[in-house]
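The same subunit A turns up in both complexes below, where it pairs with subunit B and then with subunit C.
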Partner chain A sequence: MNVVFWAYVLIAPIVIGEALFALWPLAQSIYLSFTSWGVFGQVRWTGLENYSQLLEDPEVYSALRNTIVIAVASVFGSVSIATFLAVLLNVGVRGTSVYRVLLFLPVVTMPAASAMVWKWLYNSDIGLLNSALSVVGIDGPAWLTDKSYALWSVVIVTIWNEIGIGMIILLAGLQGVPKSLHEAAHLDGAGPVATFFFVTLPLLTPTLFFVVVTSTIGAFQMFDAIFLMIGPEGYALDSAQNLIFLFYKQGFIIGDKGYAAAIVLVLFLIIALVTALQFWLQKRWVHYE
Partner chain B sequence: MATVTINKVGKYYGEFEALKQVSVDIADSEFVVLVGPSGCGKSTLLRMIAGLESISSGEISIGGRVVNDVPPTKRDIAMVFQNYALYPHMTVAQNMSFSLRLKRLPKLEIKSKIDNAARILGLETLLDRYPRQLSGGQRQRVAMGRAIVRDPQVFLFDEPLSNLDAKLRVQMRAEIKELHQQLKTTTIYVTHDQVEAMTMADKIVVMRDGVIEQVGSPLDLYDRPANTFVAGFIGSPSMNFFEGEMTTDGFKTTDGILLPASKGAPESQIYGIRPEHLRLDPNGLGLEVNVLEPTGSETQVIGKLGAHAINGLFRERIQAIPGSNVNVTPDLDLVHLFDSKGKRVN
Partner chain C sequence: MKMFKTTLATATSLATFAALATPALAEVTLRVSIWDANQRPALEEIAAQFTAQNPEILISVEVVPRSDYVTKLETSIVGGSGPDIFWNALPDRFLDLARLGLIENLDEWMADDPIDLSPIAPSLLEAFTYEGSLYAIPKDFDTVGLWYNKAYFDAAGIDYPDETWTWETLREAAIELTDPENNVYGFVVNPGTRQGYYNFIAQNGGQVITDDHRSGFDMPETIEALQFMHDLIHVDGVSPTIQQTEEVNPQTRFQTGQAAMIYDGSWRTSQFAGDPYMLENARVAVLPQGKERGSSSGTLGYSIYSGSDHLEESWEFLKFLAGPEAALIQAESGTVIPSHLDEASVWVNAVPEFGLQPFVDMADYAVVVSHSFNTPGWDQPTRTLVKNALAGDIPVEEAAQQIADLMNEVLAAELN
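For the complex of A and B:
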C-alpha cells in the first residue's frame, strides 16, 4: 500500500505536467475544432462545419502540399547530409571536435537570429548569395519574394537547421558500431565503400530511423523560417506557407480559432499516421541486433 | 597453407614500445599459440600478421612473401575475433558467404563452400538464423565457418574462447584442434590461458612485455622452462619457488630450510618445484596445511613450508585438518634451478 502510494507520488509530476500541458490542450483543440468564434469572442457549436469547410478550402490543399514538400525535401536533405558529415567526422579527420561544434551551432542558435542572417543572405539586392552568383555572371532570383523560389528557400534553411542535431546523433550511432566488424569486413575483402554500404549503414539503421522519425515530426511543424523570413504579409507566402503557418494565420491573425483548431488537428492526424507508417515500414529496413 | 616468418618485428605506439625485435618461425600446417599475460603484445603481434596494425620495424612474411605493405584482404589469411565479429544483420549463411560474394564467385560455388563448412562445423540447421538467435558456442562456430570458406593460407584466432563458459571452452578447444587436424591450415592462436596453449599447440610462444621469453613444444616448456617467468606461467597450479643458495647438502632457502637437490646440482639462487612433483613422504619436510581442495581425482594442498606459501598436488586422498602437517619431498629429477636473474641453470 505504502509502496503503491509513493509510486503514484513519484510519477505525479510527469502525469500532472502531461495532463496540463499536453492532454488538456489537445482536448481543448478537439472541442474548439467543432466551434466557431465570433468577432467579439463568442463561441458557437458548429459540429463538423469547420471540417467540411476545410475540405473545400484551396488554401488548405496548397498548405498541405507545401507541408509535404518541406517535410520530404528537408528530411531527405538533412538526413543525407548529416549522415555524410557524420561518416566524415567518424573517420577521425584532424580537428574533428572543431567541425563538430561548427556543424552543431545552428541547433543552439536562436531561430530569430539565424532567420535574420538567412534573410540577409537571401536578399535579392544586397544578399551574399546573389553577390556570389553575380561573380560568375548569374543574375540571382528574389529568393524570398519570388513564388518559384520561396518554398525552396525555406527548405534550405530547414535542412541547415536540422543537420547539426542529426549529425551528432548519427555520429554517436556510428561510434557504436564495433570496430571489429569493420576489421572483419576489411579482412573479408570489403573496401571502404562496400564496408559502409554492407556493414556500417545497416548497423546505423536504428539510429537513422530515430533521426528520420524525429526530423519528420519537426519538419511537419516547421514555423520559424516561414514566419521570420517570409512573414505573414510576405508576397510569396501562399507558395511557401504550410499547415502550421495556416493554423497560426487562421487562429491568431484572422481570429477564427475553431477553424484553426480543425487545421491543426488534421496536421496532428497526418503526423500520427506518417509516424505509424514509419514504424510499420521499419521492419523492412531497420536492423536491430 | 603457408609458412609464416616474423623477423625482428617491432611495434611502437608513440614512445611506447609494445613489441621489441620479435622473431618467430612458423612452419607450414603448424598450430602455434601465442600466450602471455595481458599487455604482453600477443594480440598486437597477431593483428600485425593480419594487417590490422602497421609494422614499425622488421618483416613479416607469409608463404615466403613479405607482407608488410600488403593490405589485409590480400594476405590470404582469415581471422576469428574474440567477440566473433559476426555481422548482426546477416544470417549465418550470409555471414559465411560475405567474402565470397564480394569476390563475385558463382552462386553455386558459394553454396557448395557454405554447405561444406556448415557440414564440418555442424551448422547445417542454423544457416537461416541471425547471430542473435545463436548460443555463444554456435556463434563461435559461425565465426570459424566464415574463416573456413575462404580457404586461407593461415588462420588467426584472437582469444576466441574467452567469452564462453568453462565447459563450452573445453568442448570448443577440442573442436578447433580437430578442425586443424582435418584442414591442416597453418594456425596462429592467441590466448592468455596457459591450459588452452598447452592442450592445443604444436608450438607455444610465451611472451612478456613485448619480448618472447621462450618458444617450444608444450612439454618442452613444461619440462624445461627457460626462466622463472615461463616456469611460473606454464603449469597449473603454478610452480613453487624458493630463494636461497645451493650448498653441498642441498638447497638452503633464505629462511634456513634445506631442500633436497641432486648431487652435483649447479650453483643457483632460485629453486623451483611444481606442486604435482611433490610426493608424500613420512620422512619429508613438514608442509603446514592451510586449505585442502579435494577434486576427487586429486587433492590440492595449499599451505606453508617455513615462511613460504606453497601448493602441493597429490593423487592420494589426504585427510588433514588446517594447521596440521603433511610430510612431503620433492622429486629430485624434476627440480628446476635458476640463477638470481631467473634464468634456468640445470
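For the complex of A and C:
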C-alpha cells in the first residue's frame, strides 16, 4: 500500500506536467476545432463546420502533400547520411572528435541564425551555392523563390539540421556492438561490407528504430526553416508550406483559431497513425538481442 | 497540517509588513504597450515629464516586437491583464476592440473633462471614430512618397520628379533610367499593400473596400491599377520581377543604388538618414498622379484598455499624450510625423537633406489604410494573390476576381 502511494508521488511531477501542458491543451484544441473563434475570446460552437471546410480547402491538400514529401525525404536523407557518417566515425578516422563536433554543430545552432545563412547561400544573385554551380557550368535556380525548388530547398536544410543528432545516437549504438562479433565474422571470412550488413546493421536496428521514429515526428512538425527562409508572405510559400505552417497561418495570422485547431488535429492524427504503424512494422525489421 | 499553519502565519505577517511599508499616497504604475523600440526614448521622456507633474502616477513602457504585438495584446486582454494604455493600429483590431467595448469611449470621458483636439488633423480623428465616438488619440501618421536617387536623374538629364508627374511620366522616366548593363532598375514595383497596390488603386479611383462594405477588387479601376503595376514589370521591364524582389527588397535595392525610384513610406526616413550615400542622393517627391492623387496613409493611436484597474490615471496620462508637450517631444525625436500638423515642420527639418515636406503635403489627399472588422481574414490571402498576379502566374483580371470573391465572403461574415 505504502509502496503504491510513493510510486504515485514519484511519478506525480511528470504526470501533472503532462496533464497540464500536454493533455489539457490537447483537450482544448479538440474543443476549439468544433468552434468558430472570433477575436478576444468570442467562441461559438459550430459543430463539424471546420472539418467540412477543411475537406474542401485545396490549400490543405497541397500542405498535406508537402508535409509528406518533407517528412519522407528528410527522414530518409538524414538517417541514411547519419548512419553512413556514424559508421565512418566509429571506424576511427583521424580527428574523429573534430568531425563529431562539426557535424553536431547544426543541432545546437539557433534555427534563426542558420536560416539566415542558408537564405544567403540560396540567393540566386549573390549566393554561394549558385556561384559554386556556375563554376561547373550550371545556371542555378532561385532556390527559395522558384515554386518548383522552394520545397526541396527546405528539405535540404532540414536534412542538414537532422544529421547531427541522428549521427550521435547511432554512434552510441555502434559502440554497443560487441567487438567479439566482428572478430567472429572476420574469422569466418566476412569482408567489411558483409560484416556491416550482416552483423553491424542488425544489431544497430533498435537504435535506428528510435532515430527513425523521433525524426519522423520532428519532420512532420518542421516549421522554422519555412518560416524563416520563405516567410508567411513569401511568393513561393504555397508550394512549400506544410500542415503545421498552415495551422500557424490560419491561427495566428488570419486569426481563425477554430479552423487552425482542426488542421492541427488532423496532423496529430497523422503522426499518431504513422508512429503506430512504425511500432507495428518494427517486428519485421528491428532485431533485439 | 502544522506546516501549512506556519506558512499561513508567515504570509499574514508578510502582508502586514507590506501594508505598513506602503506610503500614505498610493502610487500607481501604468503599463503602456508599444512595438517600436526606436520610439521608446521619446515616450519615456514624455512619461518623465508627466510624472514630474503627477508624482503619484508612474509609467512603465513595454516594447513588444511588432510580429507578436497583436497576438500578445489579444491573449492578454482575453486573460484580463491587458496594458492600461497601448498603441492601436487600424488594421490590427481597432474596430473589434471598439465594438466589444474593450477600449474606452473617449467621448464619454471628454464630456466631463474636455481636451483640445483641434491641433490634430481631422482625418486622423475620423479614422479612430467608431459609431460616432472617438476610441483612440492619434499620435502620428505616415504617408507614402516617391523616393528617387537624384544622381541617376542628373546623369540622364531628366528633371527631378515633382507634383506635375503622372503615371505616364513615371513610366517614361523609369524606361530612361533602366540600365541593365549596370544592374540599375528605373523603378521597383513593391507587391505589398502600403508601398504597393493601395497607392495605385487609390490613384486610379479604385477602392479596396467599397462604401457599401464589399470588395473593390472587381472594380475596373482597381483591376487597371494592378495591370499597370504588372506591365511595369513585364511589358516595360523597368522593375525587377516579384521573385527578384523577394530576394532583395525594394528599399535595399534603392539604398545600394540598384534602383532609381521606389514608393516607400515616411517611416523609412530614419533608416536612410543613417546612410551617407542616401543623405547625398535620396530625395522625396509626392507620388505621381493617376486619374487622381492618392497616397496610402497609416496612423497610430493611444487607446485605454477598459479592463484597466486605473482608468482615472490612464485618462490623465492620455490627456497628456494628446497635448502639445508630448507632440513636440515626439516630433523632435524625428521618428514619425506627429498628428499635430503644426509640429510637422519639426519632423521635416530633422533630416533637411531629403526634402521631406511632400510627406506632409500628401496628408491632404492621403487614403487611410483599408481595414474592416476582420482585416487579417482577407488581407493575407489578398497579398498572396496579388503577388501571383504581378508575377504573371495568374492573369490580373482573374486574380482580382478571386480576391473579390474571398473578400466578399469575409466581409459578409463579419457583419453577423
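Assume the second predicted complex is superposed on the first by the 277 of 289 C-alpha atoms of A that agree within 3 Å, B and C clash if a C-alpha of one lies under 4 Å from a C-alpha of the other, contacts with A are read in each partner's own complex, and residues count from 1 in each chain.
Following the convention adopted for this analysis, a residue touches a chain if its C-beta (ideal position, glycine included) is under 8 Å from a C-beta of that chain, and two chains touch if they have at least 3 such contacts.
Only a predicted model underlies this, so the values are computations on that prediction, with no experimental measurement involved.
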(request) With everything superposed onto subunit A, say whether subunit B and subunit C fit together or clash. (result) fit
(message) With both complexes overlaid on chain A, does A:187 touch subunit B (first), subunit C (second), both or neither?
(response) first
(message) According to the stated criteria, A:142 is in contact with first (subunit B), second (subunit C), both, or neither; which is it?
(response) second
(message) Looking at A:198, would you say it contacts subunit B, subunit C, both, or neither? Reply first, second, both or neither.
(response) first
(request) Mind computing the angle subunit B to subunit A to subunit C from the CA centres, in steps of 10 degrees? (result) 150
(request) Give one of first, second, both or neither to describe whether A:287 is in contact with subunit B, with subunit C, with both, or with none. (result) first
(message) Looking at A:124, would you say it contacts subunit B, subunit C, both, or neither? Reply first, second, both or neither.
(response) second
(request) With both structures superposed, pick whichever of subunit B and subunit C touches the larger number of subunit A residues. (result) C
(message) To be precise, I mean the smallest distance between any C-alpha of subunit B and any C-alpha of subunit C in the superposed model; what is it in Å?
(response) 53
(request) Could you list which residues of subunit A make contact with subunit B in one structure and with subunit C in the other? (result) none
(request) Show which residues of subunit C lie in contact with subunit A when the two form their complex. (result) 71, 74, 77-78, 93, 96-97, 100, 102, 191, 242-244, 246-248, 374, 376-377, 380-381, 383-384, 387-388, 391
(request) Over in the complex, which subunit A residues touch subunit B? Could you list them? (result) 178, 180-181, 183-190, 194, 198-199, 202-203, 287, 289
(message) Quick check: in the complex, which residue numbers of subunit B touch subunit A?
(response) 50-52, 71-73, 77-79, 81-83, 85, 87-89, 98-99, 102-103, 132, 146, 150
(message) Can you tell me which positions in subunit A touch subunit C when the two form their complex?
(response) 38-42, 123-125, 142, 144-146, 232-238, 249, 252-256
